[in-house]
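See the structures that follow.
There are two complexes below, and they share chain A, which is joined by chain B in the first and by chain C in the second.
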Partner chain A sequence: MSATDPVVVCQGLTHVYLRGTPFEAVALRGVDLVVGRGECVGVAGPTGSGKSTLVQHFNGLLRPTEGSVWVDGVRMDGRGETVREIRRRVGMVFQYPEHQLFEETVFEDVAFGPRNLGLDPEEVGERVRESLRWVGLDPDRFGPRSPFSLSGGEMRRVAIAGVLAMRPRVLVLDEPTAGLDPRGRQEILEHVREWRRQQGLTVVLVSHSMDDVARLCDRVVVLHRGQVFLDAPTREAFAQADRLRSVGLDVPRVTDVLLRLRAGGLPVRTDCLTVEEACEEIVRALRAGGSAWSSSEA
Partner chain B sequence: MELLRSLTIGQYVPRASPVHRLDPRTKVLATTALLVVVFLARDFAGLGLFALFLGACLLLAQIPLGFVLRGLRPIWFLLVLTLLLQVFFGGTSEGTVLWRLGPFAATREGLVQGLFVTARLVLLVVATSLLTFTTSPVELADGMERLLAPFRRVGVPAHELAMMMTIALRFIPTLVEETEKIMKAQMARGADLDTGGLVRRARALVPILVPLFVSAFRRADELALAMEARCYRGGEGRTRMKQLRYRRSDALAAAVVLAASFAVLLPGRFRW
Partner chain C sequence: MSEPTALIEVAHLTHVYHAGTPHEVRAVYDVSLTIRPAEFVALVGGNGSGKSTLAKHLNALLLPTEGRVVVDGLDTRDPHALWEIRRRVGMVFQNPDNQIVATVVEEDVAFGPENLGLPPEEIARRVEEALRAVGMLEYRSREPHLLSGGQKQRVAIAGVLAMRPRCIVFDEATTMLDPEGRREVLDTAHQLRDREGIAVVHITHSMEEAAEADRVVALHAGRVVLDGPPREVFREARRLREVNLDLPEVARLHACLVRRGVQLETQALHPGELADQILRLRRAVV
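Here is the complex of A and B:
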């Protein structure tokens, strides 16, 4: 899928911050990456590996120092028109997006994006209501309220609705579940999966949480010191636990449990991504050769 | 987008140089002396000498010149304005007229004076940035606190001032980062920050300023709480981990600065 219909393409992408000062820092060196339409790609990597820098190139917030970025076949050059067009196609949800809320009401805040697109008021209203429904907030109940009177999780959903209201084709989420309780986490991830299914949205998920990546993504790209360290389908990526751990990353808890069981002598597959899958696998393994395992354990 | 990061005024550049190692009190006093000297210098020769001295200090402190000049970028408008005002209004009415612009005449005397004042401003900024380039905010505040300590008796809240300064300096980079992030977030939602007239641009700032204020207040709240949780109750009876101490190099630096100051001022005194 990704090879036939690429949406975001990076070639030899290099980014240097503050070139020519004592604070010069190379954040990315020669990154090649293709994101296919409808794909969900997880971008992982230790702190300072260049994750955020990479995804900010996807909608023209940063310009490549060297190399190039294409979005939907449009090459990122510095021109205002191109940048506007690319920002319309790629929605970007930053870390702690609730910190960017500013309007007096939830409705007005979500309407900020669509208004900047120059849509007529009717269309704006329609999009705001729809986007709020997408994030599971009732537009009639929440629309007139002040965004600052909401709970943390609700604020975050309003902020995400503000990005969705731009109707992007690619949605970049930078640590969307950071600081949320397990339930808030679950809800956000459920919503993302839903949007992918309904709208064929392409999703790029930047995350420290390997559990989130395992649950949501088809493919994992691991960055390390500004370079692509690993780029593989999720199952294969997490099968290489040692490599991931060598750069200070974890594996999903599910994988961790399976790996330990295996190390303890139970012949389980270790490429399960969900708890349900893992349960089945453990039961299967126990049924097949489990008697031997339990006796050896005793 | 890197505009905010290129603000180099007041930024500390960590290096292992003799200038960095000086006692912050020495550096604060020396800088104060140098600022006075800039204002007392009466001719170009003096300013030139001063510039040479600053250049030597920068070299010793291992601060690249390009980096220093970059720090002047935010004030270029002020510099040009100063120059223009002096060129047109600085000279006396019977000065040699170079050219006319409507009712305003640019005089040769004005031009000379304009260049002088502008050079003085540039040196002023470079001299003060030399202090902040080579002294970390914490050291700076420590030095200020100790220098102000004798005035406590007449009601100068030395510790409080130093603490306020430390906090302010500590949060400048944080706020810059925050501003950058909010700007990016709003730009990603199609906010247009660089086009349109003055009113439109001013209105475009609202989506950035509101979240910025909200977060600044939140941070202030959290900081106050964190300080209280660690039993902070002002400077009374507070001890320090790092004690400031004058060394031989400080005396040497003071002597050099003093000598340079005289060298800058003396020839002027003789001529007038």
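Here is the complex of A and C:
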């Protein structure tokens, strides 16, 4: 998919902070990356590996020191007009986005972006209602409320609705489930899956949580010291537990169990991503072994 | 527990924010709880369940609206006991970037003991001990802002340790860290419990981290809904989901296998445990 219809392309992307000063720091070094339309790519890597620097190039918050970035066919050249166009196409949800809520009502907060686009009030209202529905909040019930009266999970979804109201083609989510309880986390992940299915949205998920990446992404890009350390389909990436662990990342717990079983001599596939899939695989392997392992088989 | 006496006794604690105003919120309701010396307790609950409110009572950052909290024999409502309570129960918070006050690591750790008015040589000794205990001694002269998140949290822990506490409350102290940082902080917490006998109250949304505690206390709508060893608490899958929580992934896999007729023994919570059980099962019948 990515080969035929690329939506974000980085070529030889290098970024140096505070160049020419004693504090100069190379954050990205010659990164080549293509994100295809409709794809969900997980960007992982330890703190300081360059993840945030990378995705800030996707919507023009940073400009390449060297190399180039194209978004939807538009080359990022730093001109105001290009930056505005790119920001409209790439929605960025930062960490703890609920800290950026500021309006008196949920409706007003979500309406802020579309209004700045100069849309007429009717269109703004329509977008706000639709975006709130996308994040699972009833616009009639939540629209008039103060964002600060909501739960943590609800506030975060309001903040995401504000980004969706810009109708981006690419959505970048930076640690979208950090600090949420298991239910809130589940809800966010389910919504992202839904937007992909319904709207063909392209998603870039920046996360430390390999469990989140396993549940959501087709592909994983691991950064390490500003370079691409691994770029592979999710299933293949998690089968390389030792490489991931060598840069301070984890594999999903389910993968961990499968790897231990395999090492212990039970021939299981190790590329299962969900609990259910792993469960079937273990049952299959036990059965294939032909041994009496359960009451029904005994 | 070998030591039966209570370190912290929470009795019928109720906390109401903005009492008597239209914004009145009852965050904790009639909670009774005992934390024993050297116990490792995970405090879990959905967003808004009252975890942080409860935790802030353990060192008198908040005072009960009703009921009482007694720390090591000291009632938190007694203003004269306030500083002694805060010395005995330290807190480490979520954001590694806003807990550090000094520009050099060892000065940051010395901040607490200096406020106790201890002699300089005693302060130096405590700072060194505390930094050694969290594995940060070699960073003593560094600037804190150049450290990783996990390292900053360990410096914050050292600052608490230098006060010689009996209990440390980690208020979502691992939430903002990467997997390596989380591991560093959790390992440090477990070591402090094992080696120094310090009680730990760890507030977390990670069921995996909770599974490593001696005891899991789950809150919902300000009340304790489950309280027991992880193996017992994580048997209550339905109840946990009702209160916005879940099972650790490994426990979910264990439950799925049992449903499919695989005869596993006790509830497994860690990847190694579950894998061993499955492999043993296979060996037994071969």
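The working rule: the second predicted complex is superposed on the first by the 290 of 298 C-alpha atoms of A that agree within 3 Å, B and C clash if a C-alpha of one lies under 4 Å from a C-alpha of the other, contacts with A are read in each partner's own complex, and residues count from 1 in each chain.
Going forward, a residue touches a chain if its C-beta (ideal position, glycine included) is under 8 Å from a C-beta of that chain, and two chains touch if they have at least 3 such contacts.
Not measured: the values here are computed from a predicted model.
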Task = Go through the superposed model and pick first if A:H99 touches only chain B, second if only chain C, both, or neither.
result = first
The chain contacting more residues of chain A, comparing chain B with chain C, is C
Practice item. Using the superposition on chain A described above, determine whether A:F148 touches chain B (first), chain C (second), both, or neither. Key: first
**Q.** Partner chain(s) touched by A:T14 [first = chain B, second = chain C, both, neither]
**A.** neither
Who does A:V163 touch here: chain B (first), chain C (second), both, or neither?
first
* Which partner does A:T65 contact after superposing on A: first (chain B), second (chain C), both, neither? -> neither
Worksheet item: In the superposed arrangement, which partner chain does A:T82 touch: chain B (first), chain C (second), both, or neither?
Response: neither
In chain A, both chain B and chain C touch residues none
Chain B residues touching chain A in their complex are 1-2, 5-6, 8, 13, 63-64, 66-67, 70, 178, 181-182, 184-192, 195, 206-208, 210-211, 214-215
The residues of chain C that touch chain A in their complex are 45-49, 94, 148-149, 172, 175-181, 205, 207-208, 241, 244-246, 248-250, 252-253, 256-257, 260-263, 271-272, 274-276, 278-279, 281-282, 285-286
The answer for chain A against chain C in the complex is residues 46-48, 151-153, 178-186, 208, 210-211, 248-250, 252-254, 256-257, 260-261, 264-266, 275-276, 278-279, 282-283, 286, 289, 291-297
Counting only contacts in the complex, chain A reaches chain B at residues 17-18, 20-23, 56, 59, 61-62, 80, 84, 87-88, 91-92, 94, 97, 99-102, 112-113, 116-117, 148, 162-163, 166
